[in-house]
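Got a structure here, written out as structure tokens. Questions coming.
For clarity, chains are labelled A, B, C and D in written order, and residue numbers in each chain start from 1.
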Amino acid sequence: MSHTSDDKKLLARVSRLKGQLEAIERALENKAPCGEILNLVASVRGAVNGLTVELIEDHVREHVSNPETDTDEARAQGATDLIQVIRTYLK
Amino acid sequence: MSHTSDDKKLLARVSRLKGQLEAIERALENKAPCGEILNLVASVRGAVNGLTVELIEDHVREHVSNPETDTDEARAQGATDLIQVIRTYLK
Amino acid sequence: MSHTSDDKKLLARVSRLKGQLEAIERALENKAPCGEILNLVASVRGAVNGLTVELIEDHVREHVSNPETDTDEARAQGATDLIQVIRTYLK
Amino acid sequence: MSHTSDDKKLLARVSRLKGQLEAIERALENKAPCGEILNLVASVRGAVNGLTVELIEDHVREHVSNPETDTDEARAQGATDLIQVIRTYLK
């Protein structure tokens, strides 16, 4: 199964996530207060959720139905609604 | 857009959820310890997640691709993988 | 262990949640589109998260440390930070 | 505010998380199927949740109440219940 056509975008997200983890490492090494570290971890959670949503959306478009190109209107609408639901529930 | 073909199953889930909320009401009225009430709320969260997954699965099958009936094999496999991912991420 | 001093507030939240579930029942019975029902379920998830955060906050204040009344300043600050973290992670 | 006494353990977790992200990078570069990548991301989510729970627990023990050393029995029990609730809701 060919994978997503836009890996550069995803690789950039993963690289940013690694940068966020390195910030947590520095904060731990510098004995930063818990609150500061927990905020850094909260933003990592948000970034992981964003990566998850993007991957699932890519999967829907490439392997199930791409609303922009699917000639079956009902299925295209179903895929559009599905992508909206995935954003609601996983962000 | 016609809705899911299996509403009785979903209505039964919602009815059970209402029963779980009534159990929380009784626990609050009877001054039950926080831990007990928080456990009841945790099970409501689990039940809401289960309802969410079932609704999204029904949406995929009815409005995008039903792996059991879709004649396009690649799309049917894409929908099967998608349903598996939704279960992983939303349970 | 005595429970939270503000049960009326929590009972009102639970009652509103039951109302939201009844709205989902009506939507299912009226064959509303998936998207509409999934939005109703998303708001139930939000309300359950809100109830969870409020219960945990009450537990911290009543059974661990109430920042407004604890004479130990360091512990009061720790409880304040903890409540902020719980709101960040569970909303 | 002094931070957690056990940073080595947390730093090891963060380091493992970076390794998991590097596995996702390789999978993207090697055009692995979506399902495989989404499973890798699901395990990163689990690891981030684990890191979050451990940080919050450390915060409770160091800055609010350590159940093993707090001489106030009621508060120690409240902290024990709180740690249990955090594990339930954030894992």
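The rule we apply is simple: contacts are C-beta pairs under 8 Å (C-beta built on N, C-alpha and C of every residue); 3 or more make two chains touch, one makes a residue touch a chain.
If you want to know which protein each chain is, UniProt gives these names: A, B, C, D = Metal/formaldehyde-sensitive transcriptional repressor.
These numbers were taken from a predicted model, which means no experiment stands behind them.
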Between A-B and B-D, the pair with more C-beta contacts: A-B
Centroid distance [mean C-alpha coordinates] between subunit B and subunit A, Å: 22
Centroid spacing, where centroids are CA-atom means, of subunit B and subunit D in whole angstrom: 27
Interface hub residues of subunit C, defined as touching at least two other chains: 1, 33-35, 38, 42, 45, 52, 56, 59, 62-63, 81, 85, 89
Graph class of chain-chain contacts, one of line, ring, star, complete, other: complete
Complex contact set, residues of subunit C against subunit D: 1, 52, 56, 59-60, 62-65, 74-75, 77-79, 81-82, 85-86, 89-90
Of subunit C, residues touching subunit B in the complex: 1-4, 7, 10-11, 14-15, 17-18, 21-22, 24-25, 28-29, 31-35, 37-38, 41-42, 44-45, 48-49, 51-52, 55-56, 58-59, 62-63
In the complex with subunit D, residue positions of subunit B that touch it: 33-35, 38-39, 42, 45, 81, 84-85, 88-89
